[in-house]
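There are two complexes below, and they share chain A, which is joined by chain B in the first and by chain C in the second.
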Partner chain A sequence: MSLQLDFPAVLERWPNFLGGAALTLELAAFATVFGALFGTLAAVGRGSRNSLIASACKVYVEAIRNTPLLVQIFLVYFGLASLGLKFSAFTVAVAALTINVGAYTAEIMRAGFEAIPRGQIEAAEGLALSRLQVYWHIILLPAIEKVYPALTSQFVLLMLASSVCSQISAEELTAVANYIQSDTYRAFETYIIVAVLYVILSLVMRAGFWGLGLVLFPRRRQLGTPL
Partner chain B sequence: MGGHLNINHLMFLGQGALWTIALSVIAPIGGGIVGFVIALARISPLKSVRIASGVYVQLIQGTPLLVILFLGYFGLAAIGLKVSSLTAAGASLTLYVAAYLGEIWRGCIQSVPKPQWEAAEGLALSRTQRMMKVILPQAIRIATPPTVGFMVQIVKNTSLASVVGFVELMRSGQIVNNSLFEPFAIYAIIAVTYFAMCYPLSLFSQKLERRMGRGRSNLAPA
Partner chain C sequence: MQQNTPFSQPIVSLRDVQKSFGPLRVLDGVSFAVERGEVLALIGRSGSGKSTALRCIDRFEKVDGGEIVVCGHRVDRPDVDLRALRQDVGIVFQSYNLFPHLTIEQNITLAPCAVKGIAKSRAKDLARKVLAQVGLEEKLHAYPEQLSGGQQQRAAIARSLAMQPKVMLFDEVTSALDPELTAEVLKVIEQLAADGMTMVMVTHEMGFAKGIADRIVFMHRGKVHETGPASILTSPTTPELTQFVGTGNLKS
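So, the complex of A and B:
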């Protein structure tokens, strides 16, 4: 057993590592924003009175939550190609991650909707708020506030899961690592550095969401509820 | 291009599916044993043990499984051990699953009502007796639904073992695809197969959760 590590040989590629980390964050940011919107729509759709929409949303959520992301990415990648549509690997990665995180977001949001006391909705209806107003002020915003911690940890998991996009040659952090290790033959050192970078990225994201939570939900801060 | 999907291809995919199941059994067993130790370490009376296990959990939960797999695969080779891709994948998944299960189980142990701990202490049970006879039997009940739910994650995550060359369902699909080049059809079959493995587990976990919910509301003190 002789373990010889040579970090300097790998660390001199730091611009590539940083570029990969930046792209990983970019992927995560796009997928988070689109996925949050898409997932919220799916959650609303699941509670729809139209049974067709409701069951379509349910099928979507269950299909995504019970298949691996890797398979989903390949299906989107080759599916779009077989339709004759050509997109960059980055676009495909954002699309696949959006579809994926959308399903998890939908499930979390649904839990949030269910946690809204029935009496509040009745009270709002009694005050003659329109359906849209009830949805926005009484259901959606308080629900988001309730599930904010669960949502944000899902988005951090999404950032980590975006590493799988390296398999369709999106040039994010893991893809950069694969490239550097095949160039330097220093696989162990490379992946240690990348692991450290991912840990830093996830800490940065958590801190960011925590700060955002303080700004978005001042009520929570006043009540002193831990995020 | 390279012919059509025939029974041999399907047999090959079936074999891959069996390896996926094998990995999905190995990972929670290994991860469960290590995870149990992690869960106990996280609530240890020794501060250093708590901190060390907390750091372990944070590190693993802050790293993608894909990178952990590469680290296991290349890391074991770097210290001079010759390992098969099954060993590398099994070891990496064990480390990964342990961090998550440890954290889930810690939560379950801590959610056993406080008076139970106090009553056990009041009966002069030692720490080990308290754990084994009072806390753990109750914690296991609470832990069952989330653990079954996490099994779904494990089955899905074994697909990543394909990147270190382990021929499970995903990798066998890629191999078949390389000869046929019908990616959409093949990956659709793979997706359906994963779904068939995961969905029953999901349903079972939901059912357990509902049953728990009922049991708990009956037990809950006013």
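So, the complex of A and C:
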């Protein structure tokens, strides 16, 4: 048994690979931004005094965390279709990934909120800051700093998980790989290249989050200690 | 604004204040008043209700009954304007509670900018001024974790001062500090008193209370048990205060 790898046959399709990688990154970027906002709102909602809002947020988080991403994508894809709404595969993929990562973001952010000592909030209230000001300056920003590593891992995980969007023919990296390997009959080579590309995308994202962290957390940049 | 209040009107007054935590009656008819420029020390054993009484003044605790008036605000009423009240009242806590993610300057300028809407540059001048008052000008750009406990507490006092409160509340502000750091914080408070700041302080530093307070309120089991000038610490009239000051609490 001998292993014969023919990379040139596959690599000549490099524009397709790059296009797929770009789309994966784009999917991940949209879903990260929307998911971060959506998830943070859900985390705030879970702590709401309005029990209806609080339980709605809890149901959302639990429903998403206990079902597979692929099933969620199909639910959004076929659900919208059966309502007669036509969206591109890309839009559906962004929506489904946003809903998915929003739930995990909500749980992570909730942990961050709970890690803010009560005394911090009292001190801010004692200085006459409004509820919104307290939330923004004293709860939200420090909470994000505290959970930043967990949050960014989740977003990188999301980028990797976006490969299942190939199932609704969004032209991201894995979908592209599927075409290429069926064209070239060089499946192993194709997925080796795809794996390497995913590693590169992960590193790009991690580097991006690292840079963003430097901008967002000047205290950490200066002192290097966790909050 | 209470600019036109008659001279006789106290800045803080509590009348027959009641407060329970579940079945536990923490304040059982507490009354006292603080006049402008006066320094009042609340003393008593742990659990006597002194910290709760202090926290009621800034409405960190809601009272069950009685009347609290602070700078003209009816604090006992549910419709009290909390943000207006807290602009008039500064509070400093045992655990400093500086915001760890902000520099000392940002800690101080946050509220004046966000609440009073004053310009950043003016707020920075203000920060320098109040830090000078507590002897920490050189820590303007440091972060809280780079400061000693005593320095953090002085910065917390400066942060409160920047809001130019009419009365300052101190809740056991030296309890987490060793004697040397305690001394530097007490020096700052002494200077505030000399400058005429109205203050209510919960303290275990009997020697300090004796030296600085115009009046002492000794609390015992949720009631004001004995009150009077600082001299009551050396010649108490009730057996409870006698015992309290006699148990080594009165350091010189």
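Just so we're on the same page, the second predicted complex is superposed on the first by the 225 of 227 C-alpha atoms of A that agree within 3 Å, B and C clash if a C-alpha of one lies under 4 Å from a C-alpha of the other, contacts with A are read in each partner's own complex, and residues count from 1 in each chain.
Heads up, the rule we're going with is that contacts are C-beta pairs under 8 Å (C-beta built on N, C-alpha and C of every residue); 3 or more make two chains touch, one makes a residue touch a chain.
On a predicted model such as this, the values are computed, not experimentally measured, just so you know.
Set against each other, chain B and chain C touch different numbers of residues in chain A, with B touching more. In the superposed pair of complexes, A:Y191 makes contact with chain B only, with no contact to chain C. Of the two partner chains, chain B is the only one touched by A:Q167; chain C is not. Of the two partner chains placed by superposition, A:A9 touches none, neither chain B nor chain C.
Within the superposed three-chain model, A:I53 lies out of touch with both chain B and chain C [touch as defined at top]. In the superposed model, A:G126 lies in contact with chain C only, and not with chain B. Look at A:A177: by the touch rule set out above, it reaches chain B but stays clear of chain C. Annotation: chain A has no residue touching chain B in one complex and chain C in the other. Those residues of chain C that touch chain A in the shared complex are 58, 60, 82-84, 86-87, 89-91, 93, 95, 97-103, 110-111, 114-115, 143, 145-146, 156, 159-160, 163.
Residues 1-3, 5, 62-63, 65-72, 74-75, 78-79, 81-82, 160-164, 166-167, 174, 177, 181, 187-188, 191-192, 194-195, 198-199, 202-203 of chain A touch chain B in their complex. On the chain B side of its complex with chain A, the touching residues are 58-59, 61-68, 70-71, 74-75, 77-81, 152, 156-157, 159-160, 162-163, 170, 183-184, 187-188, 190-191, 194-195, 198-199, 202.
Chain contact summary for the complex, chain A toward chain C: residues 117, 119-120, 122-130, 133, 137-138, 141-142, 145, 217, 219, 222-223, 225, 227.
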